[in-house]
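Okay, so chain A shows up in both of these, paired with chain B first and chain C after.
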Partner chain A sequence: MSYLPFGPIHPALKEPLRIKLKTEGERVVDAEVDLGFIYRGAEQIARGKPWQKVAYLTERICGICSDAHPHTFIEGLEAISDCVPPVRAQYSRVIMGELNRIHSHLIANAIWFLAVEHETLGIYNLNIREKVMDLLEMISGNRVLYSWNLVGGVRMDFKESHLKKILENLKEVESEVYRYRKMFKSDALLGLRSHDVGKMSKEDAIDVRAVGPVARGSGVKFDWRTKHPTYVDYFDFQPVWRDECDNYARVMMRFDEVLDSIKIIRRAVEELPDGPIRKECEIPRGSIDYRYEAPRGELAYIFETAQHGIINDITIRTPTIPNLEACVKHMFRDSPTIADAVAIYQTIDPCIACTERVVIVDEKGNENDFRGMQNVLKELKALKNKKK
Partner chain B sequence: MSSAIWYLYEFARKKWLERFLDATTDPEIAETPSRFRDFPEVEKELCISCGACVFSCPSPGAIKLVRGEEEDTIFPVIDEGSCIRCGFCVEVCPTEPKTLKSGENSLIMEEYRILPHEKVYIADEYLCIRCKKCLDACKVGAISYQDNLISIDQSKCVACGDCIEACPVKGAIKETYIINLDEQKQITNTLIESLENTINTEMEKIRKLPDFDPSGIVKLEFPLKEIIEKAHEIIINEEMILKLMEKVTDRLKMNVIVWNEELCNGCRLCVDECPVGALSYDENTGKVQRDEKTCLRCSICHQTCPFGVPELYVARFLLKDDVILITLKPSKISIRS
Partner chain C sequence: MIRDFIRRRSINLGLVMTGGCNGCDIEIVALLSQRYDLEQYGIFYHNNPRECDALLVTGTVAKQWQEKLVELYNKVPEPKAVVAIGACALSGGIFQQETGKVAAPVREIIPVDAEVPGCPPRPAEIAIAVLKHVPPALASYRRKS
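On to the complex of A and B.
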């Protein structure tokens, strides 16, 4: 039995973290994960700033979910102030969020295909993703950082030409994604690398609280969009799920969700109502725990505001935190080769820079204190007790 | 074998081959999209130097107001090293047409106030002399004059502070910080507590002097340095602390009670009179004691006591450079006989 260090600098890793693989020959028996190479302290910067500035900061936490982070934060603020944005703004948010999801899933699959050395499909996926990126750039102005959401609505309105271009590009994306899905399904080599590799049962997924496509690939039928007011009111949303519980299920999940998102966007574009896109909202003192389905899974923003929309305290829980634990605890077990461990690691679509959240370690007291989360939760409890 | 056949099948498709035959660069790739947010362009002539862009900027030090070579020209300068191209400064710019331009953000006219603000300006109708100088000073047209009243529209105000500079009456336009309200309360409380403590300790010293005149005026000085150091532990913003000190000491009138325990005979007349129960009789010493924290400074004990144990003074304050000047006057409230 020996230990094989994997990272923090490794050609297969897109972001720095260290995974210690405990191996018996080529077979992986156990694994340990070591984070802390890329901590940035977004919470500390956000504390004491007005919401307008924090919205731009949250956008910069993750480069790929750059719509999901401000989306969650802004909708949390709206929930605090009991302010419902106009219907056209809600539809615009759905369109942007789903486009964001498509490009995130396509890049995740591309990276997985590159990790298993199937470069053709990898580059094909990246190529078709470019169509979606063009749409995002056309709508919001920039390719990565959209600055799209704000309390009470969205910044800019769709033009007729934009809607036409969205439908045109999505038609192309859909036909290509169907083709890639078929290629992935029928390819023998990809089947060897994906079927029955990195198994995680439904019970295990629930046990480690896996979220997003990772959980839905293991048969957990849960999606935060089923509880989102816009999706409940205007779209009959049903989550997609699979029960193979392996790499194949997780990669296939992403293709299926892309096709599902395309359907949602089509419906939103066709039914897009007329009206204003912004509304005035006053933000009072309050605190909230708001969750939204980011492309990678559940994204939680727990924060507290002072008067006039100043952020007192904020905690961000990104989807990779539970998914990484699911990967290390259950998926690496009995992975037949080291190369498969790399492929398994890529199926959870890890984003390490988002995951590096705050920890204050009290060495003398032997207590690991997650600052923020605990404090805010305590205060939330105290507030609820007061109301009673 | 199957994958080799797949490759043949994949690359022999007509659509795939056509890509190479009519391969040209898509002209749309070279064009910048109409909504692309580049670094904001500045048109110096339009700037009214209100500072809204500086308040709004989420990136520290990306935008600065700079004085031009000609007189009275101030305009924003953008540091491309720290600008994050969010386009928020363009959105909040109040001029028409906008001074800053970047993509289609310059088309957004602000319907609702989203500029982050720290201060609020309010006109005081009793002190205002209706000279209307602030109307000319305001660059964004937020101040209006109607029905013999000056009013400030909060949705247009950019909190630049020009109206206060133009106003000839001190206090006619009030500037209030709306952030950190709890911390502001803490600082006010510590200032008033320490003022009262110094008055009490100084009075004890002065009273023992041979030429002490109980009906005369006493003048004291209170250095600001210590209290500012204390306040810095609560808030970092120095400008805010000084403004707060000035606001607290301006027009503040404080009743100060000096308790001469030696004169007390233990008659307990005052104990029942006190409305909040701040006075209590101590059986061991045989004297009445006062709890400073619950005391309201209402002067009822001063009026009741036949021996003159509680002495009531009225204190007034003036902030001058780095000291607070304190003037103590004995109260003229008569003692009940």
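On to the complex of A and C.
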């Protein structure tokens, strides 16, 4: 029995995080995760600021799901103020959100293929992703951070030429993704690295509250988009899921979701209604727990507003937190080699920039993260004053 | 002299993410794609600081990184160059506030040879910065010992 640490800087990791693997020879028995390398205190910065500034900040929590964060936050604010944005705005949010999901899933798969040293598929995935990035840049003006959502609507309108280009590029992306999917399915080497590696049963997935493609790869048929008003009213959305429960299922899940997202965008573009893209809303005092399906899974924004849209308190729960636990607790168990542990870690599509949050658990094991956070800060302040 | 000449044509990059939002990092990963194809310029990207010539630093230097970044910089073999990428690395960006936990800018912690502004900078800008500033920085590097 020996311990093998990897990270915070490691060729396989793009972001700093330390994983301590407990090994018996090559076999991984257990693992521990050490987080906290890039904690920036986004929640503390957000406190006491107007919503316009906080929306700008939420976008910079994660650069990959940079549409999902402001999307959730702004829709939460709209839910507080009982304000339904115009239908055209809702449709353009769907288009932007799904384009964001496609690019996130493609880069996730690309990094997985690079992690198992299958460079061909990795570079292919990165290359086809550029088509989607072009669309995002054309629509919003930036490749990564879009500032697309505002309370009561969206920032800009689509032009006819935009819609034409979207359909054109997505046609190309679709045919290529089908091809890569087939390559992944039939490749013997990739099969060795993916089939029956990193198993997590449905019961375990529910037990650790895994979310997103990780949970759906283990047969949990849940997606927050099935409860999202726009998807329910206009898209009759059905989640895709698989029941292989291993690396193969999770990588395949992402390819399937890309194809699913392309279908949704195509439908949104074809049915895009005319009308205004923004309406006036006033934000009253209130609090809410709003959830949305980010590319990696459930994203929760729990916050409280004062008059005129000042954010009093905010808690953000990002999808990688439960997924990382699922990975460490269930997937690493009996991973045949250490190289497979790296491959398993990449299949959960970890985003450490999202994950650096603070969750406070008291002695009895109760999580207090909403009102509790402020109390703890008060106590810390009192302690500081005492020392002075 | 021969070594300097050859080193100009084969630069190994190591990426260090010290906070921020990942946006700059995915733009660096996008450089690997065929559209930009970093390797055609003789630049090889991997993540191992002990083998690299130039360190790409992204992100607001979080408090936990302040000392570790200096240690990491010392582990990079000589001669070495540093490129700071993105608004966060240059000034702390949006996280440089009273309640933020940030030690940016990078240039106050380790010597920086080139800076790429932008939130995030475009991949081509990063490639240009590396191609233009890293070879002269390596050639004019003064050894400590």
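Some points to look at:
Criterion: the second predicted complex is superposed on the first by the 358 of 388 C-alpha atoms of A that agree within 3 Å, B and C clash if a C-alpha of one lies under 4 Å from a C-alpha of the other, contacts with A are read in each partner's own complex, and residues count from 1 in each chain.
By definition in this document, a residue touches a chain if its C-beta (ideal position, glycine included) is under 8 Å from a C-beta of that chain, and two chains touch if they have at least 3 such contacts.
Keep in mind the model is a prediction, meaning the values are calculated, not measured.
Contacts of A:178 after superposition: neither chain B nor chain C is touched. In the superposition on chain A, A:145 makes contact with both chain B and chain C.
In the superposition on chain A, contact is made by A:280 with chain B only, not with chain C. Using the contact criterion defined above for the overlaid structures, shared-chain residue A:57 touches chain B and also reaches chain C. By the touch criterion stated above, A:3 is placed in contact with neither chain B nor chain C.
Once the two complexes are laid over each other on the shared chain, residue contacts for A:129 go to chain C alone; chain B is not touched. According to the touch criterion, the shared surface of chain A, contacted by chain B in one complex and chain C in the other, consists of residues 56-57, 60, 145.
Across the interface of their complex, chain B is touched by residues 50-53, 56-57, 60, 120, 137-142, 145, 147, 150-152, 155-156, 183, 186-189, 278-280, 306-310 of chain A.
Taken together, the chain B residues at the contact with chain A in this complex read 2-3, 6, 10, 33, 35-37, 56, 58, 84-88, 91, 103-105, 108, 111-112, 114-117, 178-181. Touching chain C in their complex are the following residues of chain A: 8-16, 36-42, 44-45, 47, 56-57, 59-64, 66, 107, 110-111, 123, 126-127, 129-130, 133, 143-145, 351, 353. Every residue of chain C that touches chain A in the complex is listed here, in rising order: 15-27, 29-30, 32-35, 46-49, 59-60, 62-65, 68, 72, 93-95, 97, 99-102, 119-120, 122.
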